[in-house]
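In the part that follows, the structures are each spelled out as structure tokens.
Consider the two complexes below, in which subunit A is the common component and subunit B and subunit C are the respective partners.
And now, the complex of A and B:
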């Protein structure tokens, strides 16, 4: 009797396993299409139309670009348009959609890697101080008026933010490292403390210099409004190289989840792995944040969401999270661009507003399911 | 259940916020008074304030009331001004009382008999000072007409009715001189985009919106959904303004070149025709007598053919 029951149990388990495997493969193969479709759709979403509220003319009519004109404007530089349709797509929207995808990918991919390295569900790409470091750089540029000093003023904020973010990570890393060994819990706490310290500095600078909030809210809430082709190219390079490097080590990240000693026995080098992942994630996130400010929640929530959907195997989880992060930020930004149009909304508000409750729903559901 | 509680809380908060803003009332006519006895005035929030006598120790908690009080000749009744008040030059010798937040201790130490505030100042602090026996009046101007009313009100409060009336009269004449030209029937209404920071502009109900209309322009952000909105770049491209104006202050980094260089802006009419101009930040943002300077400058920028 016992024997029979056990056999039955193992049968259902393997059936269950196959079902889960099929579902995971399906999700992973559906994600690239979801990304492509949302990116394609997002190009047509915006204040000026075709999908959007349109621009109100002097008679009070909502003028929208038609789908035909939109395709025409994407394919041709000149046409019989009331204003520069071509610029709307090629100078504003397409770079913005691409930047959204790249930044979403960067945050979700490095968030997944950080959660593995720290073996902590609270870990996100900003855990080693990237966001507060970048904000400090941006605030310093605003307060000192560095942007006005040179002809290439507009690149001062990203450059400064990138540098201060990396310096911050370096400081946190050295605080969490003793004789070449990375202590993740020390690292985590150092990250929290340094971030708190830098946030206080940022607040002090804003307060002391009477910095008006519209000068810095873009940074603190995160926005893709500054998307330019050079920004897209820079972030693409960082994300391309960075995510490939992280993907290459997905097996080792799996091993790391079992504990550092086990990882070592399985042939991974935990110290090298942790350092490499930290550096890659820091560079990738700093590059993204430098152009967009701090976009929260994606790096924390997308990895968890995908872990619920496809499981904890990093060979599937990393690419899934990367694609899902890109898709999510593209969609969130499409909402941010149009929901109170012509007013702009920092996308960080949308990611938090939509991501938070949806994630809580998933969390509760997966918990109640596992209790059954 | 959790979702219900969350939903109710969030909606209650939203409703409260909306209600709060809807509750801000419009300007009311001040009551006429005698100089030597106690008198009651009504401020821009509809609050009745009774003053025992004409205040001689006034604290101004924002730059625009400061400029108004000086203009009506009450500068020497000021014993404290906020950190931002820097005009006229005489403000340099007056005790600074912080900004937002105010330094309540400094204010109490000055023993003022009136605080003049704007809607930027935290009400909690003003109420705290009221509890200490220091009354406050609020100026909350939204249009040029409001400023003229406020100047007259400031004259009544400080006992400079005649000077205040003549200042208001003079400003009113200058405004009319501009309006005569810009609002004449055959005058065009070019589309204007005015920004006080990159992509931050003046929406409906704001001072900038009022000024653009009086200066004979059409504000492209007149249909935006807030008073001082941050707009989408493609919105400006799509509106294709004929004139672009940006404000210049201490910390501004915007230049005509940086505006022209924004992605996709090169074919905007104003950029193509070199119609990008700057205006002093403090003229546009302070609702004092100098707002008429802003109007005159704006009108000359939008209609160079009318003002030579």
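And now, the complex of A and C:
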């Protein structure tokens, strides 16, 4: 009798566990479709587009092209439209949607990896100083007038931001490293301190240089308005290589979540792992941030959302978070483009507005769970 | 799995933690690492797991130097169980055990297969954790978590198990559960065990041998009986203990107690009549209050005889299971003569030891102060058909004082000017 009960019990466990696994796999396989659908829709959302508020012409008429015309315009360069819709789609809208997807992917993927490396659910991709470093670079370009230089002006800002971001990470990394050993708690505090210092510098520069505030705020809050094909290509390269590298170390990251000693005892190399993850995440986020400015909250909340949905196992969590990050930023940018049409909001406002309350909810939830 | 440590020294910066340690842990052995806090036992274990870098050719596994093996090789050879494991992230118990298959993965791209599933399931069934496989790890109790971690260790299919105080955060039930499990793996699967243990009695009960560390040195390595002696424990831990044989097993157990009295000795003599273990607390209390205590008459092997022996008290003894002889009785009366007061514990009285009551009567009649500790009225002490109860009534009528407990006894002794 007891034996039978035990057997039944263990069968229930198997069933229960298989159900959990099936759910995880289902979510992971649904995410690529969600991404494709939202990307497809996003191309048609906007001031000029069948799903947008439409264009107001010189006589004050509201004009909105139909779906069929939009597809025609995308496929056919020489159509008969009052505006050059072909150029609108191919030079502005499509690179913008692609860049949104890539940047969202970069932030969510590296955010997940950083939370594992720091074993801290509050960590995000900017925790080692990427955002403040990049901001400083971008503001310096504006202040020194380098940004005004014709032709290279648009290139200057991302290049500078990328370099200052990486230099900042390097400084924070060396502050958190003693005799070849990375101490994550020191690293975390160094990141916070350096970020505060650099933010003060940025504020100082903005205050004294009388910058055109509107321009810089777009950068500081993050915007995808600067999307170009070269930007898409650059970020695609960084995200492609970076996320693949991080994926390959999923099992190592799982082990690391139980502590460095346990990771070592399971055959992982925690020192190598921490350094590799920090470098890959830093390059990936720096590349993204260089073109779009600081888009907050994605790297923090998407990993959390996906952890709730598919669990903490990085073999499933990392690809899920990467796909969900891409989807989320594409949707958020669609909102940013249309909510005060024909103008656009910085997308960082949308991500923070939706991310902030969610983050607070998580905070409360984890508190009530630990009170249990 | 065979571990060999040769002349191992280790320092954290300038601080030397291990000094010239050499020993061997044989294949299939259950070796305990013991020592006071800061003696270096956890550091030694971390050197053995290669988490800490030692000089080359100091530690050998199955004859191979530790440095010649990759961390994956090591993880396939032995598994490590830490003091406790926790994570803020929601892994299920099954996820945690599956991590044990990590060192066996052929490549980074390979997924876990059917074989891994079967190994994980059998490991979880062995540790009685399968029924909560789907539950989140953080929601489990300390004992359940430790069993999950041991399941993970089994899933590594190791030849050896290294444990760092695996029961330190567990209650007594969890301690035994985890230790029994480890012992079973050791005995039935031949897995060698090296365990840092802080509980002397757990170590005595489960280890084949104990390595005792003190200030980074290996003080002794031998069987529990040879290592857990009052002398060695006093020299390493600075604590006085009594070492007894566990009545239910072939092992020893250790009872710490201070033999340094809390009050300076004043030399007043008290003789205690006791037996059957009723005298232990009285001896200790009188001793601590500064009295010179003698005990009698006790049969050798009586638990009070062992108590008195452990406290090095003057004892009038009789051979085992024999009634009190004339010579022992005479010796008892002499001790009574030398003492300022006589104390009687509520010991069970049978035909063999009834002469202890006679001795008490003699004392009372000669005007000695006699104190009788009351016995539990539920449990009689008279096994001689009312004779003992009669003796006690007689004693009280000739001036013996009945006291409720040891506290009252000590109070009466000092009020009566005996001290």
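In this section, the second predicted complex is superposed on the first by the 338 of 372 C-alpha atoms of A that agree within 3 Å, B and C clash if a C-alpha of one lies under 4 Å from a C-alpha of the other, contacts with A are read in each partner's own complex, and residues count from 1 in each chain.
Everything that follows uses one rule, which is that a contact is a pair of C-beta atoms (placed from the backbone, for glycine too) under 8 Å apart; a residue touches a chain by one contact, two chains touch by 3 or more.
Note that the structure is a prediction, hence the values are computed from the model and not measured.
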(Q) Quick check on the superposition: with subunit A as the shared anchor, is it clash or fit for subunit B versus subunit C? (A) fit
**Q.** Geometry of the superposed three-chain model: angle at subunit A (Cα centres of subunit B and subunit C, steps of 10 degrees)
**A.** 130
Q: State whether A:46 touches subunit B only (first), subunit C only (second), both chains, or neither.
A: first
Q: Scan A:341 for contacts with subunit B and subunit C and give back first, second, both or neither.
A: first
Q. Once the shared chain is lined up, is A:266 touching subunit B (first), subunit C (second), both, or neither of them?
A. second
Q.
For A:72 in the superposed arrangement: first (subunit B), second (subunit C), both or neither?
A. neither
**Q.** Minimum C-alpha separation between subunit B and subunit C after superposing on chain A, in Å
**A.** 25
Q.
Using the superposition on chain A as set up above, list the residues of subunit A that contact both subunit B and subunit C.
A. none
Q.
Show me the residue ranges of subunit C that touch subunit A in the complex, using the header's touch definition.
A. 46, 49-51, 70-72, 74-76, 79-80, 82, 85, 87-92, 94-96, 99-100, 102-103, 105, 108-109, 111, 125, 130-134, 156
Q) What residues of subunit A sit close enough to touch subunit B in their complex? A) 46-48, 55-56, 58, 63, 82-84, 87-88, 90-93, 95, 142-143, 145, 147-148, 153-154, 209-212, 214-215, 225, 228-229, 337, 340-344, 357
Q | Contacting residues of subunit A [partner subunit C, same complex] | A | 6, 9-10, 12-13, 16-17, 20, 119-121, 248-249, 251, 254-255, 257-259, 261-262, 264-269, 307-308, 311-313, 315
(Q) Going by the contact rule set out above, which residues of subunit B touch subunit A in the complex? (A) 6, 83-84, 99, 189, 191, 197, 199-200, 203, 218, 221, 223-226, 228-235, 237-240, 251-253, 258, 261, 263-268
